[in-house]
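Next come two complexes, and both contain chain A; in the first it sits with chain B, in the second with chain C.
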Partner chain A sequence: MTAYAAAPHAIRPAERLSEIWRRSATLLVLIAAIALLALLAGQADAVLQRRVIFCLVNLVAVVGLYIFMGNSGVLNFSVVGFMAIGAYTSALLSMPAAMKGTFLPDLPLWLGAMQVPHMLALLTAGVVPALIALLVGFPIMRLSGIGAAIATLSLLFIAYIVLGNWDSLTGGQGSLMGLQTYVKLPVAAAVAGGAVAVAFWFQETRWGIALRASREDEVAARASGIRIPRVRLIAFVLGAFVAGVAGALFAHFQGTLRVENFYLDLTFLLMTMLVVGGSRSLTGAVAGTFAISLVTELLRQTEVGVTLPGAAVTLQTPAGLGDVALAGVMLVIILFRPNGISGGREIDEMWRRRAGRKHRKLPEERNA
Partner chain B sequence: MNGRAPLLSVRDLVVRYGAITALDGVSLEVGEGEIVAIIGPNGAGKSTLLSTVAGLRRPDAGGISFAGTPIAGGALEGTVRRGIAYVPEGRHVFAGLTVLENLELGATVRRDRAEARAHLESFLDAFPILRERAGEAAGRLSGGEQQMLVIARGLLSKPRLLMLDEPSLGLAPKIVDQVYELVTSLRRDGLTVLVVEQNAGRALAAADRTYVLNAGRVRLQGRSAELTGAPDFDAAYFGLKD
Partner chain C sequence: MKSIGGMAAALVLLGTVQGAHAADTVKIGMVMPLSGWFQPIDASTINGALLAVKEINAAGGVLGQQIEVETFDNKSEPLLGADGATQMVAEGVKAMIVPSDFDFGAPGAFVAQQNGIISFSGASDPKFGVAGIGNLAYSLSTAGQAQGALLAEWGFEDQGWKTAYVLLDNTISYTKTLCGSFTERWKELAGEEGILGEDTFLNGDPSIDAQVSRITGLGTKPDVVLLCSYAPGGPSAIRQLRSAGVDAPIITGESMDGDYWAGTVPGLSDFYVVNFGSLYGDDTDPAVADFYRRYEAEYGERADVSYAQRGYAMIEAWARAAEKAGSVEPAEVAAALDTFRDEPLVVGPTTFTPELHIATTRPMTILKAEAGKFSIVGKFSADEVELD
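And now, the complex of A and B:
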């Protein structure tokens, strides 16, 4: 019997419950924000709608990135590779047989003839990358820092090279066309909301909390009995699942599929979104995706040229400014606000801090 | 130690960092229900000894056994499952996690969920400040509160042996009093404690037996009461004799 051992103290389920409610506020606000964005975009013209859908697809991918990188604090460059695998999985499962015959004449017969419902294809697009992540993640989950960065970057390279050269399965460097474009606003918003909910659920599980503990302090986490490679692997697999779904959304939003789409440009975009928002919180993942989508859209418009109302001149910025500005935003955030827009906090934590400041004793009074 | 096999026994432990020998054949024993202190100056090898027992590093030679089972070279994650709670030096709270989550993580290895929950509640009762700030980030606690939190977190694994590394480091004397009150009360409940301290006075006052470590060797050992004021104590502590 150890100290403070279990005298049957009153367990306070009510306290626990109110804590769960308080934290759920974050999820509710994030889902509401996604729903609001989708509703507003529904009123806009087709071009702007497409930008919003693209933003929501990116959000799913950023959430996939966040599940592992945000909770573990370990760099992960492989997410776009898993997106590519998800995209091709869904394409191969859902393209009409006639289309496959045109673009992929060398497919195995059973695959060439197969056409499953979209939702099943979407789900499989998550499952296949998740299984691959389970296999390849096993040896690399012990790595952190530069080791993890190089290993996950290698995974991206491998995915890119394999998919880009497996002509019979993916058409190699060519494009796959004729994918059904069922990803409109409602689908994109629903899946984005679902991805946010999955990430929220994960970070409230014992695994999620243990993983964040390992991010905060590896030695203390191990001393508490947390098997770090194991909890990392769980997040890596779940993140790959979400990324695969994002890839499938991407494919069925564009209608065409090229391996080129899933490489360093997209990796850098997603990474910027997460870092700018604040990689340590789900709120940050969502805020960063929205913020960067807005910035890139504004920059794109200035590249096209903006005529201010009442002014005779058209403002036009040189092409390529968008990418430079993106890198600039990333740099400014890393230098001046390393925890991103969200400060690494969830919405309920921000509220609590604001409320706490009003009537908290000064720290000096507490420190003995 | 009343003739029984010791709970923890370290024999001729050698740990090297490259060319530097941090531990040069250290042996010690901790009996069930004892408070044992390891004291010595900076760089004596105290923390190396504790972290090696915990499984943070592999010994170059020698053996460690706990409850009769050899554990040298076992991993840190397994140590707590054997019943050893290791509280490393420097208040390793999970700063971005809430106080409550910190405590819950202390019970990671436990299977008796309901009992662990009640155990956790008892800490919140014992330290009202932890209850008050249960939903706040642990990094925002004061130094003393953080030290209490990491000890409580260690205890929530329901260990047979608690190993504390420099629990008084950087704390105000009043807080150090509280830490040692806690340690003494733990022993009354049957817990065994191995504590590393630079604060020799504190350690001698709290511990049943004390080992004086210097330059990787045990220079002096014995009942704390007898070591206090022993003629060769200063010489051993400051490494003046060999």
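And now, the complex of A and C:
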């Protein structure tokens, strides 16, 4: 990713417009891919539809993870914690009063009676984690490397422990039921498309470009006048917003909510999706989510046992293979393709790279 | 994608083939943990239910229809239960069985409720029912609150114990409910000073030295220790209590039923557990004793835990309600289930009302372990049960 200022010659307006158009190709292709997946899934049976919705919800979360971790290069384990906060926010705002009375009898009266429209609850589910991220991100964004990774891991632990023990507000370790399940294919696809658009918009802003510069070379970025903590904080807050929305989607997809679902398993799944796809590009985030969802589903099918149509053979793998295979995929990718399926490039960059191989080498060719 | 399409096509094909002879069969779904860490807990439930299906089918089925069981493995992941329930709905089941725990069973039961299908569980949480899920969710268990109250009444009135110490494994909601309701009832019976102390630990704690020394350091020794826990943390706690010289009787609830863990506590004695019946061949209720004989004949081994009775009773209750209603349609079966008043099921007399879908004052069995061997003490029921 090269900043315009680094181009060898001044940019004429027409050239600039075509450049914007070319870069937007990535966004258009990604959104088209999401729409296509949703349309295809609409024809499938109910269980497969649920799998696709789950994949799209995960995509929103992975995009939330990508906005900070992908652009800044700083490991971030806190996303699932923000998802949990978003999920509980939406649940508290939208559960019917009767259900709150059963599961959360100790709620303050005003909160127990409150029931706001879904979209408002969904939005608030993003805003609350974003505000918390702003507060805690302020000191954490000064850290780098292992320090930052451990700090974000602590955030996950804190969110899990607080939500799991705040009995009056969350019901503690128990399940909450009776959330409206409005997250069907259209909603999931629309929000996933929206999240991808937000992430794309962010990485094209000057903050996004500055953040990516700091990822490549912290010292050089600082020397160029980039205030790293500030650009990181912007991405952290935006990422927390998207993660919170993902958490609310998750809750309203399942209809049940339990803090246990927002912990290390999900963190590892989302990390694998991002790393396998290629954490350095939005294309990678989407590709990784699709790829891992597909692999997980195929493995689940083979664990149940698949009878091949037209053949008298049943494929069956031992139970528990799924988790092993997931870790294996992650290992293979890290060893042989450290930048993931996408190679850390966006779609337009891949096209240009292919064109460049045929004709000439582009000056902005990155040596990643 | 190709193979998924193929599989979907195969599933659809399978569905139509089975649909062809749907007239003389009725489908029951089983969305249960067939693998994973929850599997051993519900293995007896599944076996019990399958035994009931076999016996009912052998006797001519329900309203002349043979019961056909469809299974889905939730792999001990609660959320997969929702997928399983969705699949069961698509396959046209009339009722489904979900795992014996509120958190594990609820996701599937919720999907069933939304699609107008009855769900059965062995969850001991009254939330598994009208208030928490809906009017089509039924639990064949006895409410955890009732088990705590029962233990308190039995200990105070039948055993003459006056002081109790409460040790809570603070990891699952059942144990919290059990200890909470016991404490409440015990205080009503023995007064505030009847509880000498309350303490908590976590199932995964490698050592509970601190908790044990607080008990050994008490001025007066408690007459009884209530331990609300489950394996492996529970047996480990008993071992540590006994080796530290705490020789008071230890009592606990259904979560420590069975003797599969007894080998880890050498010479387990003066230990009492409340459950649904004695699987050791000495139950005082001939129907229960006979049930365990048939179970052993069918599977070639004794049931691990008395949850086998709950599993059997799920199918038994459904079939009896269907016969009463003269229909297998969920709404009509549910209406018939709601008229159960002390209906004699293998799990014990069962009452369902339109408001409450779990038993409270049903008699339960108390077993005693001496030198590692369990035997029945008797059947008791709670007089007063507070569900909140």
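As a convention for this text, the second predicted complex is superposed on the first by the 345 of 368 C-alpha atoms of A that agree within 3 Å, B and C clash if a C-alpha of one lies under 4 Å from a C-alpha of the other, contacts with A are read in each partner's own complex, and residues count from 1 in each chain.
Just so we're on the same page, contacts are C-beta pairs under 8 Å (C-beta built on N, C-alpha and C of every residue); 3 or more make two chains touch, one makes a residue touch a chain.
Just so you know, these numbers come straight off a predicted model, no measurement behind them.
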{"item": "Contacts of A:L48 with chain B and chain C, given as first, second, both or neither", "value": "second"}
{"item": "Partner chain(s) touched by A:L335 [first = chain B, second = chain C, both, neither]", "value": "neither"}
{"item": "Touching partner for A:R22 - first (chain B), second (chain C), both, neither", "value": "first"}
{"item": "Contacts of A:L298 with chain B and chain C, given as first, second, both or neither", "value": "second"}
{"item": "Partner chain in contact with A:V219 - chain B first, chain C second, else both or neither", "value": "first"}
{"item": "Partner chain in contact with A:S175 - chain B first, chain C second, else both or neither", "value": "second"}
{"item": "First, second, both or neither for A:Q254, with chain B first and chain C second", "value": "second"}
{"item": "Chain A positions touched by chain B in one structure and by chain C in the second", "value": "none"}
{"item": "Chain C contact footprint on chain A (complex, rising order)", "value": "40, 44-48, 50-51, 102-103, 105, 173-175, 177-178, 181, 254-256, 258, 260-261, 294, 297-298, 301, 303-304, 306-309, 319-320"}
{"item": "Touching residues (chain side chain C, partner chain A) in the complex", "value": "1, 3-4, 6-12, 35-36, 73, 75, 78-79, 82-83, 86-87, 89-90, 102-103, 106-107, 110-111, 114, 127, 131-133, 171-173, 388"}
{"item": "Complex contacts: residues of chain A adjacent to chain B", "value": "1-12, 19, 22, 206, 209-210, 212-213, 215-217, 219-228, 280, 344, 349, 352, 356, 363, 366-368"}
{"item": "In the complex with chain A, residue positions of chain B that touch it", "value": "54, 56, 75-77, 79-81, 85-88, 92-97, 100-102, 104-106, 108-109, 114-115, 117-119, 121-123, 125-126, 129, 134-137, 142-145, 150, 153-155, 157-159, 172, 174-175, 182, 185-186, 188-191"}
